[in-house]
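Okay, got some structures for you below.
In the two complexes that follow, chain A is the common piece, with chain B as its partner first and chain C second.
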Partner chain A sequence: MAGSTKGWLALGLVLGVLVTMVGVSTWAGPVRPAEVRVGIVTFLSGAAAAPFGIPARNAAEVIISELNAGRVPAPYNTPGIGGVPIRPVIIDEAGGAEKQVAEFRRLVLDERVDLVIGYISSADCLAVAPVAEELRALLVMFDCGTNQIFEERSYRYVFRTHGHQILDNVGAARYILRIRPQVATIAGINQNYAWGQDSWNTFRESMRKLKPEVRVLAEQFPRLFAGEYSAELSALLAARPDVIHTSFWGGDLESFLIQGLPRRIYERSTLVLTTGDTVLPRLGQQIPPGVVIGARGPHGALAPNVPLNRWFREVYTNRFNVRPVYPSYHMSQALFGVKHAYEKALAANRGTWPTKEQVAAALRGATFDTPSGTIRMALGNGHQAVEGVAYGITSRFNTATKEMELTQVFHFPAECVNPPEGMKSEEWIARGFPGARCP
Partner chain B sequence: MNQLLIIAVDGLVFASWLFLVSVGLSLIYGVLRILNIAHGSLFAVGAYAGASLVVAYSAAGLWPPGALGVLLVGALAAGLVAGPLIERGIVRWTYGREPVMQLLVTFSVFLILEDLTKLVWGVSPYYAYQPYQLLGQVRIGGIDYPAYSFLVLLVAALVGAGLWWFVRRTRFGRVVVAVIHDPEISVAMGVNLSRVYVTTFALGSVLAALGGAFTAPMISVVPGIGVEVIVLAFAVVVVGGLGSLEGAAVGALLIGLVRAAAVHLLPVLELFTIYLVMAAVLLVRPLGLFGRVEARRI
Partner chain C sequence: MNARGGGLGVLLVVALVMAGLVLPRWLVFLLALALAKGVAVLSVVVLMRAGLVSFGQGLFFASAAYAAGFAMRWWGVREALLLVPWSVAVAVGLGALAGLLVARYRDIFFAMLTLALSMVLYGVLIKAYGVTGGSDGIRIPTPTLLGLQLSGDDARLLVYYLAVAATAAAAWAVGRYAAAPAGYLAHAVRDNEVRVAYLGAPVSRIVYAAFLLSSGLAGLGGALTALNVGHVDPGLAYWTTSGELVFIAVLGGTGTVLGPLAGAVVYELIRSYAFKYAPYAWQMLVGAAMLLIILFLPGGLWSPVERVWRRQQA
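Coming up: the complex of A and B.
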């Protein structure tokens, strides 16, 4: 009996040691999961769905399925993330910032996603970022434009893998002065909310710094989703500025262009559309020659001719019968940034699955390839990407692509259109772009 | 002087569009005493119906001016199908109930129609710009206006005149006026109240859809356009006096002119002009410009 008791005790001791060892090995790092669950938040309904949300979701779907199948060109030619398949959990961004904060909590706490890639609206980014920090959940913002996020405070778990609105509008000003150096007067028509006002202020102040004698003739701020711009067009036509800047997007941009055509606004002024790439495939010949088109970075019609971009355009177009536009490119930047960071952390961890802190450390200050070229996480202590920006001007209608072709395309590198680390955008512009290196 | 002329033309163009999109709301309130929130989505249904018919018509390569007739057909079809269905199917059960309940019911109809339009037409935009560019330009004060804007002005004037004639000069119109003043006595005199209600609701729906159909060529027809319109239409009929057709016309004109002046002279105020006009009018006349005080029945 005594011998048997000793035997049980010995067995218990061995078992105890084994359990402790397993426990210790678990604590050393998370076990390799069966899947990487990625929350994806983008507009699936409302006015921002068709121009931005759906092209972004489409990009996520096609890239994730190609990544899981291991069909993406190098350096992303290994399946999934470190061999683990990616499982998207896609939710609608509609409903306002408060709802998105609740949805973010639900994604992290109930759906148990490993990270969230999301947000087109700047208001949603501003609201969700502190919550991500509080929950210690990885958040990669993929499309929102406000420059406030990393200029106002610093984050540990929050990243943005594309440039903010400063580059769109500094780039637009530099481009205009390059193709129309004689420009003397400007005007703007922008939606009356943060995005429209910030975009116009950045463009106007950049123009004033780059060419102080430029005069502002009109500043129109119709309400968001107004759709009817007859009086605003009259005011712009009567003012006769050399250049009209607009950061309109979606249905508002399309309605403005449709209403501007019979009013010959294009004959009097050069229009600058900072989000123009999204309407090129939609409006075809409704956009006349001589309109300046931006894509919030080197995306869409202005993307570089690199293998990743050729692959992306092909798989996207084959699946959705339309080419990707800039929100699709922004989504690709987020997904490739995440894959790059995970695999970098995995390698540094010698094959052990990384913690989110290790993934965050790997993404901080990273440099990675995307269909839009190489992205550097250079601002906001390595959490905010910088990228270059490209602009072109419409020339003639291409019957094969059913789009207006772009000519006089100029690419401004990241160090030309982004403030240096540690300096706020407004200050950078006000001080005359110190440190900017432009070709 | 030139600027004043441009402000007047812009104001008139915007006012005619405002009248077209809001008069149906006022008509339905005038007769049924229901604030029809679904008016916004009936506008959207009209815009989608008009746009999709114009797209099909233009793709078929038919006689281009016929596209204008197609817009009219789209509006009539949308309004005449949706109007009676909504009134007979849902709204009539709310007659005599609390106004809050009626408001909630028409709001739910609005939400249902918003989703139905997405189900039928999808979320991708529709472009029906052919009629907009068909009629050429008119040069006023040195700048070009699309002649289409003046066609909308003409349609709005015809709708206004037609409604006035209908209410004041036809037998059915007089019955409608009698119902507005006293539904109970009208029934006692042999008026078929249901018929008056369903006809008025259908007419109001056709007017909402007409506003949508004639707006479609100017815009990118996308989900959500109905929300914007119901806010504007509500402001117009409140300024004019709920239920008054003359009020809708004068309210639209007032808001149109003030907004055009703001766009040209003080653009920062543009966003608030509609609400400024509304607040100013309601301060002086709480029931709107043409609103009448009603005796409460006990």
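Coming up: the complex of A and C.
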């Protein structure tokens, strides 16, 4: 009897030690992984692949391989993320919101990615964000434009490391009034879907607030991927507005510009291309002088001259023989934001690998350096980034860069073109930009 | 569409219920999506039985999905058992109107008219930005079941079981329809419409009834998709969605009820694995799989099963 009691005691002791060990290891948080798996979702096929998806994918490839090799300038000169290499899992954004919701679930639950960076289409962002929250999976949206996401709901695991469409169009309105203060009439040609409708509304309302006597002469919404704009061009030529605003992108933008050339639309009106940066390297000399070019923030030709940007342009151009455009910059912002957050959480954790929640807490409200300058996660409870925006106007062809040079470049700081925290964009514009601080 | 199909159906329902508990969660989600699509494919098959190919089932698919979205947004209805019948009713209502026009046409004219109507809905959804959210679509919050508010995995599982139950009901209904006089007459209309008319059967009513059933099934598929995905966008009404349904019908085989459902599951799986293993060439993989099936199983994926049954009966 005594022997068996001793046996039980010994067993109890062993069990107790085991339980304590398991308890300690769980308490110490997740172990340092062999790699950080990052799901990357961007258009690899379809109309948005060439102008956006592939430049973003290229940026992800080159930045991740440089990061893993530890060749990025400070403050990102440590290899990988805290010494752990990054492994991208790249998938196509095609197939619609329904397919993307299924693919997001697969990335998180089957591929076991640590986070997902993705989504160019606003519909995909809107559909996937609640799923990320449901699965408690980190999601960093890198390129979609809608301002709805953080203005309608609050999230814990969802972030966006670039500014939304408001800054493009408020910035465009402010820029026009700076270089053409006498502007009296405006017109818009935008694709008939949410992006085009939002962009034009924001631009028109901003112009009306900034200069109430401005008249709108034409509002055109050809369908997405129409590709043929002779009727619209005729109407715009007849209306003779001082300024024509367009948020066209990709093939539509190129078609519109090329079809407008022989009809000299740019001589009668000042064209404002909010996504114009993407066509500068593609169309070269075909873009006439006097066209206002935006890049959805300080990206591409309008990016600041900082060491990170010089490095980024160089490694990207060496690898792909073309310079990075704004979707590439958006991708860089997401990747550097993630690295910054992980390493901040790692430091706060005294070297123990952080949980998703700790990474999310570190990214919330963070400020970090990117090739586009310093990004602040200032809106949506620290989940939505603000950026400044820059615009310039084409002047002459530069034979060295094979691009039109931009002059009269003007940078509007983030406080000038973004609503303050807690205010919806629409309301901010309707109330005449309260709290905006512009130079 | 026979007793053996019924027995197998019961087995499959049991297997699907088990699958919900055993399979990884992403696969359960995919399965729910495939079942919803499978129900919509049944709607194509019902019309094919009457010799009609519809390239516009997206009209009912999307209108039911949006009906669920609006009921949630405007009236705050979250009950799945109210949302699904309501969405199906909207789709059938639309089908009753559209059917007055399109049920008079056959062949390519029927296909083009249905395609046109679904593209009209697509245009409206894109352009009525203030109401429908345009291309951004609208969010569908997690539904409740009998007032029970679930979240996370439980909610997913609930929607999955709802899809299983609805699919089983739809399969049973289509099986009954196919075995009923209306179903046989639809088949006869395909073979020789004039002869059916001379026999004294009301051809226009038979076709109209098939069209109504078909719109209800497509609507059921749309409602399930909306509740499962949690977001609806105008892409649901686009012709590629309708085309995909026809495509899956051909893939699965149009002779049985289970064929289209199996086709939908296989299609979703092929597409998902193609996304995973060939992110740059997934379209080619899906296309190649289709070609192989058409070459080697011209009767659809289900045709070997049918052949075995027939041999056993003989």
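Keep this in mind: the second predicted complex is superposed on the first by the 416 of 439 C-alpha atoms of A that agree within 3 Å, B and C clash if a C-alpha of one lies under 4 Å from a C-alpha of the other, contacts with A are read in each partner's own complex, and residues count from 1 in each chain.
The rule is short, and it goes like this: a residue touches a chain if its C-beta (ideal position, glycine included) is under 8 Å from a C-beta of that chain, and two chains touch if they have at least 3 such contacts.
It should be emphasised that the depicted structure is a prediction, and the values quoted were computed from it without experimental measurement.
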{"item": "Joint occupancy of chain A by chain B and chain C, clash or fit", "value": "fit"}
{"item": "Partner chain in contact with A:194 - chain B first, chain C second, else both or neither", "value": "second"}
{"item": "Which of chain B and chain C A:343 touches, first, second, both or neither", "value": "neither"}
{"item": "Which of chain B and chain C A:45 touches, first, second, both or neither", "value": "both"}
{"item": "First, second, both or neither for A:369, with chain B first and chain C second", "value": "neither"}
{"item": "Which superposed partner A:263 touches (first chain B, second chain C, both, neither)", "value": "first"}
{"item": "Which of chain B and chain C A:225 touches, first, second, both or neither", "value": "first"}
{"item": "Apex chain A: angle to the C-alpha centres of chain B and chain C, given in degrees as a multiple of 10", "value": "50"}
{"item": "Chain B versus chain C as contact partner of A:105, first or second or both or neither", "value": "second"}
{"item": "Which of chain B and chain C A:282 touches, first, second, both or neither", "value": "first"}
{"item": "Contacts of A:90 with chain B and chain C, given as first, second, both or neither", "value": "second"}
{"item": "Nearest-approach distance, in Å, of chain C Cα atoms to those of chain B in the combined model", "value": "6"}
{"item": "Footprint overlap on chain A, where chain B in one structure and chain C in the other make contact", "value": "45, 192, 221, 223"}
{"item": "Interfacial residue positions of chain A with respect to chain B in the complex", "value": "45-47, 49-50, 54, 192, 218-223, 225-228, 230-232, 234-235, 237-238, 250-251, 254-255, 258-259, 261-264, 282-283, 286"}
{"item": "In the complex with chain A, residue positions of chain C that touch it", "value": "24-27, 29-30, 33, 126-127, 129, 133-137, 139, 151-152, 155, 225, 229-231, 233, 235-236, 268, 271-272, 275-276, 279-280, 282-283"}
{"item": "Of all residues in chain B, those that touch chain A in their complex", "value": "2-3, 6, 9-11, 13-14, 17, 118, 123-125, 127, 129, 132-133, 136-137, 141-146, 148-149, 215, 218-220, 222-225, 227-228, 259-260, 263-264, 267-268, 270-271"}
{"item": "Contact set on chain A toward chain C in their complex", "value": "44-45, 90-92, 94-99, 101-103, 105-106, 108-111, 122-123, 126-127, 130-131, 134, 146, 148, 192-195, 197, 221, 223-224"}
